[in-house]
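The structure's right below; bear with me while I get my questions together.
When the chains are written out, they are named A, B, C, D, E and F in that same order, and each has its own residue count from 1.
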Amino acid sequence: MADTPSSFSEKFQPISGFDSPRYAGPATFMRLPLIDLAAADIGEVDIGIVGVPWDGGTTNRPGTRHGPRQLRDYSTMIRAIHPATNLNPFKARNVADLGDAPVNPADLADALQRITGFYSRLKEKGITPLSAGGDHLISYPILKALACDGPVGMIHFDAHTDLFDNYFGGFKYTHGTPFRRAIEDGYLDPKRVVQIGIRGTMYDGEDIEWGLEHGVRIIRMEEFEDLGVDAVMEEARAIVGDQKTYVTFDIDSLDPSFAPGTGTPEIGGFTTREAQRMVRKLAGLNLIGADLVEVSPPFDPAGGTAWAGVSLMFELLCVLATSPSTTRPGF
Amino acid sequence: MADTPSSFSEKFQPISGFDSPRYAGPATFMRLPLIDLAAADIGEVDIGIVGVPWDGGTTNRPGTRHGPRQLRDYSTMIRAIHPATNLNPFKARNVADLGDAPVNPADLADALQRITGFYSRLKEKGITPLSAGGDHLISYPILKALACDGPVGMIHFDAHTDLFDNYFGGFKYTHGTPFRRAIEDGYLDPKRVVQIGIRGTMYDGEDIEWGLEHGVRIIRMEEFEDLGVDAVMEEARAIVGDQKTYVTFDIDSLDPSFAPGTGTPEIGGFTTREAQRMVRKLAGLNLIGADLVEVSPPFDPAGGTAWAGVSLMFELLCVLATSPSTTRPGF
Amino acid sequence: MADTPSSFSEKFQPISGFDSPRYAGPATFMRLPLIDLAAADIGEVDIGIVGVPWDGGTTNRPGTRHGPRQLRDYSTMIRAIHPATNLNPFKARNVADLGDAPVNPADLADALQRITGFYSRLKEKGITPLSAGGDHLISYPILKALACDGPVGMIHFDAHTDLFDNYFGGFKYTHGTPFRRAIEDGYLDPKRVVQIGIRGTMYDGEDIEWGLEHGVRIIRMEEFEDLGVDAVMEEARAIVGDQKTYVTFDIDSLDPSFAPGTGTPEIGGFTTREAQRMVRKLAGLNLIGADLVEVSPPFDPAGGTAWAGVSLMFELLCVLATSPSTTRPGF
Amino acid sequence: MADTPSSFSEKFQPISGFDSPRYAGPATFMRLPLIDLAAADIGEVDIGIVGVPWDGGTTNRPGTRHGPRQLRDYSTMIRAIHPATNLNPFKARNVADLGDAPVNPADLADALQRITGFYSRLKEKGITPLSAGGDHLISYPILKALACDGPVGMIHFDAHTDLFDNYFGGFKYTHGTPFRRAIEDGYLDPKRVVQIGIRGTMYDGEDIEWGLEHGVRIIRMEEFEDLGVDAVMEEARAIVGDQKTYVTFDIDSLDPSFAPGTGTPEIGGFTTREAQRMVRKLAGLNLIGADLVEVSPPFDPAGGTAWAGVSLMFELLCVLATSPSTTRPGF
Amino acid sequence: MADTPSSFSEKFQPISGFDSPRYAGPATFMRLPLIDLAAADIGEVDIGIVGVPWDGGTTNRPGTRHGPRQLRDYSTMIRAIHPATNLNPFKARNVADLGDAPVNPADLADALQRITGFYSRLKEKGITPLSAGGDHLISYPILKALACDGPVGMIHFDAHTDLFDNYFGGFKYTHGTPFRRAIEDGYLDPKRVVQIGIRGTMYDGEDIEWGLEHGVRIIRMEEFEDLGVDAVMEEARAIVGDQKTYVTFDIDSLDPSFAPGTGTPEIGGFTTREAQRMVRKLAGLNLIGADLVEVSPPFDPAGGTAWAGVSLMFELLCVLATSPSTTRPGF
Amino acid sequence: MADTPSSFSEKFQPISGFDSPRYAGPATFMRLPLIDLAAADIGEVDIGIVGVPWDGGTTNRPGTRHGPRQLRDYSTMIRAIHPATNLNPFKARNVADLGDAPVNPADLADALQRITGFYSRLKEKGITPLSAGGDHLISYPILKALACDGPVGMIHFDAHTDLFDNYFGGFKYTHGTPFRRAIEDGYLDPKRVVQIGIRGTMYDGEDIEWGLEHGVRIIRMEEFEDLGVDAVMEEARAIVGDQKTYVTFDIDSLDPSFAPGTGTPEIGGFTTREAQRMVRKLAGLNLIGADLVEVSPPFDPAGGTAWAGVSLMFELLCVLATSPSTTRPGF
């Protein structure tokens, strides 16, 4: 039955700040055990948190390759229980830090291939991934692995559509193009894709036109403000329905006052309160994975972006942990 | 009569930015005179601003020991008159910078004792303290001094309850435990305690359960958003009534975008507009003191946290300056 | 006819981020061509973006002299089209970077004279200026040039009235006095001046009294929150009417969480969403110029203030580009 | 025989930057495996790198509790082979990251006891520790464990003697007192202690007098400059001789231009070139352990202090790896 | 004749800080005119300063793509005359800012090709390039253009040899491999290559072995300290002789205290005094170009790295300006 | 007799870090009492430390107006006794913090007059000033007061001569002109002026020519390196002889790695070791005052510049405290 996770294991409990100060010890995601994909106990993992330290698709300010390590560092300040729902996701599912996906900073094509390879192994093992980028192009090789058996839906929080066609005279793979590629390649069903928070000055608007033509629902910031969080999320839930859905959260959907450490900020974005409320509304969807991308530590002198990022990763973890999808095959 | 302060003295007027630039001169709180507790004119002081440069109770990121000095620095940008009420608190009461309470960074028990000693002297002299931390454990020795003749009420702005029992296997005094200790020791009447802004991931929720059992009113962020500032503050005022009440403002109740420089941030917090509005609603209560704590300069590269902190200290000063309590005995 | 700009020229198109990465090349405003006032093609320019790198009027924290260069740097992340209106201002008008006005950091009077001289040349050429400060005193010499033939109206976004009389015992020209001087000297019609966002502690309130006496409409932050953006802007539009109007946007009108890099921050300010919405409401007014001032890079470690600044300069550019005034004489 | 380490194990090789970028993966010291003291393979470890995330003895600026994590982060940029000697310490000895010693940020006495307990276990297992602080008081509980069977010698690089008697009216344990306590308690033989780099303004000089009386050799900065590195180190080697010797390196011995991120900087310190040359001169001594302390990340915006710190930890590792002491009993 | 530059032109004089403050105006290299390669007056340029905003070869910390813009910004603090030689390079040769070479952040092979194309045009025009990186891989496509008619010599200041063979399982083009590739491809004559300042931990030493086998003279830091600047530079001059020679200066050859803002720092590096002295010793060599690379602004919070970088670029400019090579063909 | 200071007073002893942590309490210079010029006990003061928070003469990057406050903050880490001489200057002379000189940020001429007025009062009272800038133009009004009865000699540590004639077309008073004005006005005897550390690119060299013509001894950095500290200082002492001498230390004489926080850095400067050694060689000269200028906190994210500055102020204090001049008239 869907809602039956692996049998609970004490092994997958985070270290408590009551026992050891939060700043102590090497940093793993949420102070969880670090499990290698080749380890014996990998079979017990329901949800795997994975870093993808790569920014080879970045056309503007770089640095998201350093995201996973800083997110791990800040994630040690996360405690165990959700304040609004009282859910302890570490009790609901076995969650582990699976380390970083392999990457190649000097070759884009090789990097994409390595990332897809890693996520294909996760999929084989029935582990639901919660990923920490890296730039937004990483969602493409992840979707390639997770949607190998058919297009999925997606709820996409972002300031940008990432539906551009190409850059610099024909180059097809950048952090501005992942979802155009994913739709073209059949990993996403555009009619089950919702984009929320789109804003900022535009090149020529072709990305939006293309998206609309293919059926993507694009909710710009102005419309978001008019509709409000609840109506937006109700519509989003209706669009993706109960079929397989991926969630991608670009930290630049937040206003730069909340998340300065990102490569392509746009003013007028979400508050964290709005973001928390939106992510919480994903509860119960059929989620096959989620990512949080575009945290760039070199542009974040106070570290607040990473902290917002891991706080939202915990919110994403909680909705993954109650999703019917997060049970490994055979359970 | 309650509303009669000490006779007005020109001596206690802050230096104006019209006369000397704000960045000039050694920094005292709000450019007020620095008065030693042993000085002859201490008897004229109604409200004393005090630093408590101590973070020995901090279980996570330190640095609030540097709070008072940075708050003094930024406080020199505060002018004389409240923009909404036109109150000039320096005309309403004699206010002075009383320097820092004595502390001991290398011995927790000694530090608590020294702080209580200092505030006991203030109480004897009938001076109402407005304190700048320091970590939140400082509220405990302050309350110990101020509430020596019976439990008081408290309005508490914070992301955390600070009602935990112990850390690290039985250690009872940390910045997560002050109000549990203060209730246990009879310095606070839990039925007259309101906590506003509680949020963030939880250890196990025992702190909240304990608080509720003892009658503390805990208004979590989600409830705050539903009720709105006015209803929340109306309830808070009703709970504390017209009896003696202390106000404690943890800067981490603000959202980290407004106050990144703190040890234990939680996303989804108050805006400064909300905070200003809430503090203004304290006007007329029977306030025996207030503190603003947890400003940690080393985590605040742009200084905005200290600026938010002293701006709110001015708001607190204005409600203290109109409180019936801020008249020294004999006046 | 008013709405006919210079004939469109390919020369005045910004370099696209599709062709060259945004961080590449020397930075001009919005990647526009840099045109010297003495150049042959200056006659084709409708709107000129000008830096005024001067902070000689600053009574508190300096650094806005570095504003224009940092604003240019961040402005290279601006794209061509407005997200809400689809306006491409670079198609609507010929826009160019006109470099910086001449200044003198060591002599206030000389600096004011140089600035007025520069803007007088712009006015002669029929070029509408969009200026980047510098401290707020720069608006005075700009108005002196632009309003040489009669007082104009002004919509003024700011935390402060800048209507003070003098500082330091009689000194009349500081960044706290420009609009008192401009009213006294007949460059501004006080009955057509609206100030929005006024807040923060006050010296003595004389500035506000003087403004009110002369007919300035001062909308303090508390009133702004009560009225809401739409009502405020409707009133502002009514006050300035269809006569010549200048717009001045002090970045400190934004909350410091959005714009920490400024000399005189005040908590409780505008969000960027509110600011965007307000500036957009200026569309169709008879605008003769605009400025964005008080961005101080040395106090802005994360650069977000400059980014907010140029994002709002783009908003201002869009309303200038649709203003009837932005057609040069003879067109 | 002394120079026979545990049998070489592939398991203890650091991950190469040729295989995985240095910024990838969770950070352990020098990308070594993280081995728990209770793990089965702990018996194979010759040298254990240990963090001690504690600054409870700090009388001035705090933050060294965050040292171990930042040192781990930067240590991932360390490669395998020493540039001057071609030694690969990971081939010479089995080296592992043993995690952090247990600490208590809210109770000094308990923290010292926990640290001694951890190091006693290392000593029992015959593992030589290379420690990363933490403030300098951590050397005291470490020495208490390592020198339980008799006083050892010490080479001490520091700006300060740390031979003070007490602070704040009798408090005996701070980061200014560890070596006075260690001499008094018989963990150090003062006649075999050399202090190099002492400088900075003095309280009253009593610390130096006490040290000299007990036979400590104190080489102040002025004398260091006169003698030069080679003579200083020759003398230091002669003083400690071939008996058991501990090495403690306070990062504040470096000049603040090389190591700004520390609590008690003193200008006029070592260059890193001098420091490297000095540490290299320790080769062949009978070293029982070493530590590098006082790296305080919150005061180090550019991270250079941590980088200098781990670079010197690698130098220390290389001299430990060729010390006769670094073979576990029984080998 | 070699030492006859283009006829002197007033047009190529930098703006003086006596006339306009250094922080004023858009930033070009050394406040020189910005000349497009297609401009009419390109034929008058002797030495072109070029930015190469690209870090696609970076295997570790990124950000050098932002180098050219920040170097331009800081370069406006450079004045006209060399303090030790009294040379005014802007009088000796016509020098201009030629903008940035075209790049592609999302495709390494395309980027290398674009860069070579740009420099081939410079070579055709007889313009000697002084380049600002970007990461060190940019030297490879530059050499490919400049040495198209035969191998040249090179004086190479660096902490690393950049003679590695490949990374990540066979990838041949990274910022660790440019000079191996350039030697293999016949752009450099290894017997006329000198590397100065090599230091830091090593992978396996294969790069050094390969270099030595091919005749590269590698002067490690330890040898540099023994020999001294004068002997080192005498030898370097002898090795390159009077044939065509390129100079490449990696900012990481400086100690991180002087240049923290770089991706791969190594402690124990050059002081700026040593660097200045070394570059000055290049006077009179037959120099065909020079570059300064690896300045990474995101890792340089105080900007000192860029300032050291442009200060050394001015030193390089002065030796280029007196090189016989810097006369365009036909003069 | 010259070497007899005011009678020793316990009142003028700094607070010890043994009694109260260094970060505690409002910051005064070196934790000394703050004495108003109008106070009764001003007559007991021998040496007064004065801030001059003004940067109105700055032609480049501003911010030194914030110098005094940050220097006060860091000065609380200074202890009582000199490490090389064992001198306790607070025992040798009565030293006090006299607050800041009055300034005017918005009017240069008025500011100069206010500063001279303040120092004239000091001179009348026989108090020797140790000043903290502020930009270097402050030395001019100070010299005007101190040398009102005849030209004095000066030892001047700086990267720049500050002997320029004018800026921006005739403006005579900037931080580049103070000593030309002081020589012209007869406050300095050019034949008794030594400048040490001059370096950096030059405008046109006219400043140096003018200085040499008037007899100023200019020791450029290259010559300094050749001669060495001892020879340079021997010559400097010979030049000023036993007549009245002022000392001015521009923090930009230090290398930017030691002092990044300054407006006009030049690479290749002094180390702090060299600076300490040079200042110590001033002992016994007939010193009438000293200043340390050009510390600009906004350009100093790590605070090291202020720390170097106050450390050198302590060195200056020690040579002032043993100067025959530092006895007040009548003693």
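Rule of thumb we're sticking to: contacts are C-beta pairs under 8 Å (C-beta built on N, C-alpha and C of every residue); 3 or more make two chains touch, one makes a residue touch a chain.
Just so you know, these numbers come straight off a predicted model, no measurement behind them.
Would you mind checking which chain's C-alpha centre is most distant from the centre of subunit B?
E
Answer with same or different: of all residue numbers used at the interface between subunit A and subunit E, are over half used by both copies?
Subunit A and subunit E contact each other through largely matching residue numbers.
Tell me which of A-C and C-F has more C-beta pairs in contact.
A-C
Centroid from C-alpha atoms only, then distance subunit C to subunit E, rounded to Å. What do you get?
So the centroids are 40 Å from each other.
Using the average of all C-alpha atoms in each chain as its centre, how far is it in Å between subunit B and subunit E?
Computed value for the inter-centroid distance: 56 Å.
Would you pick out the residues of subunit E that each touch at least 2 other chains?
21, 23, 59, 61, 65-66, 105, 167-168, 255, 257, 299, 301-302
Chain contact graph: line, ring, star, complete or other?
Looks like something else, not a line, ring, star or complete graph.
Name the touching chain pairs, please: which are they?
Those chain pairs which touch are A-B, A-C, A-D, A-E, B-C, B-D, B-F, C-E, C-F, D-E, D-F, E-F.
Using the touch definition from the top, list the residues of subunit A that touch subunit D in their complex.
Listed in rising order, the residues are 20-21, 23-28, 34, 51, 53, 65-66, 68-69, 72-73, 97, 99-100, 102-103, 105, 301.
Show which residues of subunit F lie in contact with subunit C when the two form their complex.
Interface residues on subunit F, with respect to subunit C: 55-59, 61-63, 65-66, 104-108, 110, 167-168, 171, 173-174, 298-299, 301.
Within their complex, state which residues of subunit C touch subunit A.
The contact residues of subunit C facing subunit A are 16-19, 21-23, 77-84, 86, 255, 257-258, 271-273, 276, 301-304, 307-308, 311-312, 314.
Using the touch definition up top, name the residues of subunit E that touch subunit D in the complex.
Residue list for subunit E touching subunit D: 59-61, 167-169, 198-205, 220-222, 225, 255-257, 260-261, 264-268, 299-302.
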